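All chains are identified by letter, namely A, B, C and D, in their written order; residue positions are counted from 1 within each chain.
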Amino acid sequence: MSTPTAILLISCPDQRGIVARLSNFVFERGGNIVDSDHHSDLQAGRFLGRIEWEETADPAERLHLRAQLAAVADRMGGQWELHFSDVVPRIALWCSRQEHCLLDLLWRHQAGELGAEVACVISNHDHLRRHVEPLGIPFHVFPITAATKTAQEQRQLELLRRERVDLVVLAKYMQVLSGDFLRDAPDVINIHHSFLPAFAGAQPYHQAHGRGVKIIGASAHFVTEDLDAGPIIEQDVVRVSHRDTVEDLVRKGKDMERMALARAVRLHLHHRVLTYGNKTVVFE
Amino acid sequence: MSTPTAILLISCPDQRGIVARLSNFVFERGGNIVDSDHHSDLQAGRFLGRIEWEETADPAERLHLRAQLAAVADRMGGQWELHFSDVVPRIALWCSRQEHCLLDLLWRHQAGELGAEVACVISNHDHLRRHVEPLGIPFHVFPITAATKTAQEQRQLELLRRERVDLVVLAKYMQVLSGDFLRDAPDVINIHHSFLPAFAGAQPYHQAHGRGVKIIGASAHFVTEDLDAGPIIEQDVVRVSHRDTVEDLVRKGKDMERMALARAVRLHLHHRVLTYGNKTVVFE
Amino acid sequence: MSTPTAILLISCPDQRGIVARLSNFVFERGGNIVDSDHHSDLQAGRFLGRIEWEETADPAERLHLRAQLAAVADRMGGQWELHFSDVVPRIALWCSRQEHCLLDLLWRHQAGELGAEVACVISNHDHLRRHVEPLGIPFHVFPITAATKTAQEQRQLELLRRERVDLVVLAKYMQVLSGDFLRDAPDVINIHHSFLPAFAGAQPYHQAHGRGVKIIGASAHFVTEDLDAGPIIEQDVVRVSHRDTVEDLVRKGKDMERMALARAVRLHLHHRVLTYGNKTVVFE
Amino acid sequence: MSTPTAILLISCPDQRGIVARLSNFVFERGGNIVDSDHHSDLQAGRFLGRIEWEETADPAERLHLRAQLAAVADRMGGQWELHFSDVVPRIALWCSRQEHCLLDLLWRHQAGELGAEVACVISNHDHLRRHVEPLGIPFHVFPITAATKTAQEQRQLELLRRERVDLVVLAKYMQVLSGDFLRDAPDVINIHHSFLPAFAGAQPYHQAHGRGVKIIGASAHFVTEDLDAGPIIEQDVVRVSHRDTVEDLVRKGKDMERMALARAVRLHLHHRVLTYGNKTVVFE
């Protein structure tokens, strides 16, 4: 599609006429709605919506649009985000020593699937540098110890700001991020190698093997201070049997992790994920 | 939800402002939209939408609504259907000798899952009568031979009209319906025991076994004159292995058939299926 | 297959030559092996196997076989079970008020899928009697209160003994069985409506909805004193979205529960499940 | 596992005592069976088996083993293959312009998942050279035209012989191989981007979109002269909806293609696939 689009994500108290008000607003601007989807959580009394329409590329007009929308949304008591399809988000991929999720995302990036620019790769080890630099993507190492963690996180935050990063993707980054870091950082998506909330914490494949489950899973979620408890965006599962050792679970799990993380990141980068409370609405 | 809703399914040439026009129409009537979803098939140049809003139960008002909608839809060149959530559709279940799909639908009916009234069960055999009559549902037998088929189909159509049947569900009915019948009948949904378009025609499980596939499927579709080629509503699959005999495929297949047919019927009865060309849009 | 088969399930310390010894034993008796499968858990150092061969129907010969096998197995330090395909197991179905699992198992029973005789249905309510008695299956009600539970469980055990029940299937039976009961009862299989170990305990669908998971599950497992912690036989999952209410999860969950429980029961009744430690080996 | 194993794949007319004879043979050699699995196709009257046991690394002993096995298998009228776990198979990856399957296999190769050596990559285009040569793997280009095809295939066969290639993997190689080539080549595995036998031939994703299916698939199969009709090893599927364009099907399909091809190749390289007639037995 050559015409750029504007994408509104909005959450507000449920009330009569929201869809009409929003679609009128678009119509009166001369916008053509190409996609609109919404959901009312009756229990929570909230309207949750996504509207996408064809929009001008003119920067002044867009500023004007933003101001008008603020007025409309304020009247409805809404929280909202406005994105433009021709503004390419910038992401930072974080990794440690395992390469499968990183390589998968880098490949999708090069195949044009993500719709984002990879600003940089950040790691606590030098291990995966050789996969990143040949692609012309900066690779930054921040070794982490208990003593240096706080200072390193400040340097990481500076780097994210300098690189104007919109999204941090933890592609098997094996360090826990502090609450201080998370408060100042952009959105952070993590992949946990279990079917949350089962087997939160360390060594989920060992836990799953010990419990003798017949299906294992992986969960892509937003990172919050409460470890492995943030809003879930996407989950995937695969059948296992008594023949599978822990090593087999790890191997099979890698494929799930790659898939679940890539789907979650792609959905978020296409502005299809709205969080409210500890949940997500995924407009697919 | 105690308030009844109106549900509009509409298909029209794609054009600017459709969502605004429709949601305004609802807003101006004082309706509260509880669900709206649409899709533009850019290749076909068609807008395909579903809007559901809280609506009065007053019959005169509803007639008026229908007239107003006709005017709006006509201006957009649209084909449309209007349904009300408190008008319970009437369905006829057709079967032959196999009981699994029939029993599954009857159970869901009694559990309140379908949201329909079972007007009657029609079969070409007496075989399953004992499962139907104890539930207080009429069971009609129409034996079919090459000689009697045309006359029997006329009698079947009369029965459908007399019982005001909105949907015919072929729950493993093993006769082919004629084009003449289909032209005069309400919508007809069939379950085919293969992953269409693979293994159309007779004995699909034998075909699948012969080909050595690793996954088998079932397809619920609207019936058209072109056998097994109507618009697909829902499909399901299950893994099989070299250990599975044809009898195992039949047994595993029954579960898929039950599930795929039940989901398709439920979606249609909740007015979530829109056909255009030889395809369906399923608003889930 | 008209020739009856013998089925040996055996677990013993891993050692050289087990398969040879067992297959020789069968060969020397003139038996023809139709299926054999085994697994060595290298970590636990255990051999776990299943062998099925064509065997005489003569009762004296079978007694002799059992004695010979005991000698062979003892030399290997093994725990073993011997079954015959023409000895039909007897099961008791236990239920409370929900009918979906009970009806599903009764259909499969009538369709000849289970390979078992339903000795009786046991419930703590009269609610589902009308689905059972027309099939000629006895329906027994044992109301349970805190005061009567111990006495009622003794009466239930007597009934199971009198009816020579080999397997108890908890088809949504909503009472917890005591350790005393379990020690004296035959094998007990339960269906838990979550993807264990996630959401063990009460109201798992409410828990899953609250956590905002994207996939829900059901787990069929052997019952042990430790609630929801027994060896898992089979699990199933289904995708859900933010549109699904708790009621939708319950509805979708019913289908998973039916499928997972039916598969687990069928596998066990075909002597394909071997437990060791807190795990199962499923010879599929 | 440090001890090497021997793996026997055997297909022969079904007869009494096969498992005993084979396991005795291993036992008398002092071998320890670590895995054995078999299947009798009663309809075809064939025994199909796989036995894996710990075996010496001594080359003279292995020659002796092969001679002994030949005698045993000949008496049973069997076709058989004998492999050793410490003999690493050599594979050639064939590609055209699309990189997703090639890259996926190269990652898995580097992660040690495949258990094979990549002897070389062969392509009809220079396009993907930059992904291959940095890994130290030779990249050979054989441009194909109608006029040069026969001669080029002869040169390709020479290269395969020179490189002692055991398996050719068509990782989205877009040329049809001739019957002459296939007669002289080692085993060839291909990935077809549809759920065979549905949508064989060209542009399966366009065909699937046109038919409006709700699930798409990919099939990994051995290549025979009859295009897309060789024995199927592995299949995978993914749900699609009316929202998915042909481009979306292509994107979603890539993930399935990668997974199904990688699983099929891995199973074959671990000597777990036995073909008979136009089918495969996969010993998982």
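Everything that follows uses one rule, which is that a contact is a pair of C-beta atoms (placed from the backbone, for glycine too) under 8 Å apart; a residue touches a chain by one contact, two chains touch by 3 or more.
Nothing here was measured: the structure is a model prediction, and the numbers come from that model.
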>> Let me spell it out: compute each chain's centre from its C-alpha atoms, then which one is farthest from chain C's centre?
In response: A
>> Tell me which has more C-beta contacts between its two chains, A-B or B-D.
In response: B-D
>> Suppose each chain is reduced to the average of its Cα coordinates; what separation in Å results between chain A and chain C?
In response: 42
> If you average the Cα atoms of chain A and of chain B to get two centres, how far apart are those centres in Å?
Replying inline: 37
> Taking each chain's centre as the mean position of its Cα atoms, how many Å separate chain B from chain D?
Replying inline: 42
> Which chain D residues reach two or more other chains?
Replying inline: 39, 243, 284
> For chain D, which residues count as touching chain A in their complex?
Replying inline: 99-100, 103, 107, 111, 113, 134, 243, 251, 255, 259, 284
> Where on chain C does chain D make contact in their complex?
Replying inline: 16-21, 23-24, 26-27, 30, 32-40
> Mind pulling up the chain A residues that touch chain C in the complex?
Replying inline: 39, 41-43, 48, 195-199, 211-215, 217, 231-237, 241-243, 245, 278-282, 284
